[in-house]
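Some structures are shown below for you to check.
The same subunit A turns up in both complexes below, where it pairs with subunit B and then with subunit C.
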Partner chain A sequence: MQNAKDSFYMALRTRLATINPERTVLLRGAVRPGILVEEAEAPFSQLPSDVFILRWLGLGIETDLGSTMAAAECEILYQTCGTQSFGGLDRGRAMNEMDEELVAMLSPCFTPKLNYTATPPATMLTQVFWDEPGLGPISVQRDRLSRSAKVMVYSYQEQGE
Partner chain B sequence: MSDTAPRNPVGAPQMLADALLRSVAGTTALLRVTGTNTDTNMSEVGLVSTAFAEVVVSPVVMRKLRPTWQESGESKWELLVSATGVEQQVNALDLPSAQSLFAMTLAVSVSGQDYVIDSIASNEAFGQVYLYRLLLRETRQQAV
Partner chain C sequence: MTTNWFSAPAPVARRVRGYFAPVNRAAQTPVLFDPAEQGKFSLDAPPAPWISLGWIQGFTRKPGSKTSPVLSGIPAGTLQQVRETLEAQVSFEFLSWTKLTMALATGSQHMNLLAPAIGSSAAANGAQASAAIALQSGSSASSIQLASADAARFTPGSIIALDADYTGQTGFVGAPIAGAYLRQPLTDVDYIRRVTFNVALVSQVNSTGLMLAEPLLGGAPLPGAKLQAVTGFVDREGGSFYQEWSALFVMQGSQGERICCHYPRLQTMTGAEEAAIPLDSKNQGGQARMLLKGRFLALPVTDPLDGERVLCYRSFLPATKALI
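Here is the complex of A and B:
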């Protein structure tokens, strides 16, 4: 499932760079598109704002098929306090913008599966696909709005996985 | 009533802080930082392609916080770090600020024990930082 997880993240990262090139994050000394995998970064004392954070949760395996299918649940967390120039009064609009970017990033709901342990990444035989995101309610903590969306990501297990 | 009289910046608070840290058994801390050339696919998905370096800062003093500060059973510590020690490393690494150095830090090692940074605060006098206070949490055992 690791190849599927990596491919899912890289697909979203590439799409975000096209949808909103200005959404970036400075992480480990490098400016990157504003999306990251929580388990691949140093632990956060507080999650960064205006960035999409991918957190992998549940895992299921279906073996009663021609090929074994794995499904992993991905929680996408994001939060915003608005912009400084508006004194945070635009935080609702900023959250709405992130909602739209998330929906746009997840469409189309498939991407080729690549093996990123190889250099350059090797394209595999099957694709990674996912269903519609389930967006949770906005959580308000003083001046911070946050939301999480959950997506089930599916992938067929190939030989060697 | 606050004192708003203009004063020229002097190094006295920093020298005093350094002397105090040394006089209370000041020691050395290692900041484990990542390299700046990590903008690759592999480093973003947790594959090993990140260069690490250890940055030495001294003098520093550790103190354990009260048990009420504990969270999920992990001890919390406060590391008092000399601002001059941090400034030397910031200049050596050609970084824009001390915040950049702490942002690059994955772990802090003191006497062989690793900690992660929870929060950062600083103390200032006459507009100059003379001490950084890092709130640290002990790291869990990692596989070798």
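Here is the complex of A and C:
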């Protein structure tokens, strides 16, 4: 499932760079599109704001098929306090903007599966695909708005996986 | 050793996309879909003359052809089978209300409510319409040329119907898409514009005419066509006319594979019906989406390949590098 997880993340990251090039994050000295995988970064004491964070949760396997199908649940967390120039009064609008970016990033709901351990990344035979996101309610913590969305990501296991 | 193929399980698809094309009713000529040539078309840009009706839900195919055994011997055993009748039904729900989806989901003529003339008496299909407007030369499927005084009568957001005056003809009326069948002459000069599929939303108005938000289904207006404002649509339960269209249903699989079901001739087989689907499944008494329900009977065509009579073609375009 690692190739599927990598491909899903890279697809969303590439799409986000097109949808909103302004949404970036400075991480380990590099400016990158504002989306990251929690398990691939150093632990956060506080999740960064205005960035999408992918957290991988459950995993299911269906073996009664010509190719084994794996399903992994991905939680996408994001939060915002709005902008300083508006004193945070635009946090609702900022959250709405992130909601729209998330929905746009997830469409279309498939992407080619690539092996990112190879250089350059090797295109595999199948595609990764996913359901529509289930968006949770907004959580309010002082001036911080946060939301989590869950997406089920599917992939067929290929030889060597 | 690495393989460059994979064993593809059954296709996984979320939704079904529907496309329709008008059957030439007078010549009884359906529109054919060639999956070899056209199968990989972009779902948002179907090949002409197919019209996308968007995603549909609850798509169900029901074969109804009956077979009988030919018995032989004592005691009798089946020697072979013969196909006694050909029948297939298709049903689904449209996710939008448009002129075309309404027409397809009703068992009879589908009519445009023409803007009424001042003081005209009420009628169930719309009162006597205000006078039709003649077109200037140079109109196309998406741009209508009018005299400036006529153009000024419309605003962006107006709906128009555009077709010829009715002059007493019988048989199928409306070109190139038949909207009704008349057994006897009528007196309503606007009748063809009442049933025409050449309707559109006006997106812009200028001194030379109207720009349309989407091209007319029937293409550029024919000489003699006139225009009237439309206020809505109406259909009836009853009547003797059946809508008949060629239909194509596409299921796009998660691995790029595609299943296409092509029905050269589909006739609506039930009257107008809606399905109310609650927006919130936990609140059955709350807001509900009203979906148009469509149920169709497939009619046979003779396949020129071998002379067999068939109702539907199902084609499968496998995913790249999938075992077959």
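What to note about this one:
Here is the rule we go by: the second predicted complex is superposed on the first by the 161 of 161 C-alpha atoms of A that agree within 3 Å, B and C clash if a C-alpha of one lies under 4 Å from a C-alpha of the other, contacts with A are read in each partner's own complex, and residues count from 1 in each chain.
Simple rule for what comes next: a contact is a pair of C-beta atoms (placed from the backbone, for glycine too) under 8 Å apart; a residue touches a chain by one contact, two chains touch by 3 or more.
Bear in mind that the values here come from a model prediction, so they are computed numbers and not experimental data.
Taken together through their common subunit A, the two structures put subunit B and subunit C side by side without a clash.
Once the two complexes are laid over each other on the shared chain, residue contacts for A:Cys109 go to subunit C alone; subunit B is not touched.
Contacts of A:Ala30 after superposition: subunit B is touched, whereas subunit C is not reached. Of the two partner chains placed by the overlay, only subunit C lies in contact with A:Leu65; subunit B stays clear of it. In the superposed three-chain model, the partner touching more residues of subunit A is B, compared with the other of subunit B and subunit C. With both structures placed on the common chain, the touch criterion links A:Glu158 to subunit C but leaves subunit B unconnected. Once the two complexes are laid over each other on the shared chain, residue contacts for A:Leu125 go to subunit C alone; subunit B is not touched.
Of the two partner chains placed by superposition, only subunit B is touched by A:Ala42; subunit C is not.
Closest contact between subunit B and subunit C, by C-alpha atoms in the overlaid model: 22 Å. Interface of subunit B with subunit A (complex): residues 34-39, 41-47, 50, 100, 103-104, 106-107, 116-119. Contacts from subunit A toward subunit B in the complex involve residues 5-6, 9-10, 13, 26, 28-32, 36-37, 39-40, 42-43, 45, 116-117, 119, 121. Of all the residues in subunit A, the ones that touch subunit C in their complex are 65-67, 69, 109-110, 125-127, 129, 131, 154, 156, 158-160.
Across the complex, subunit C meets subunit A through its residues 2-10, 12, 14, 254-256, 319-321, 323.
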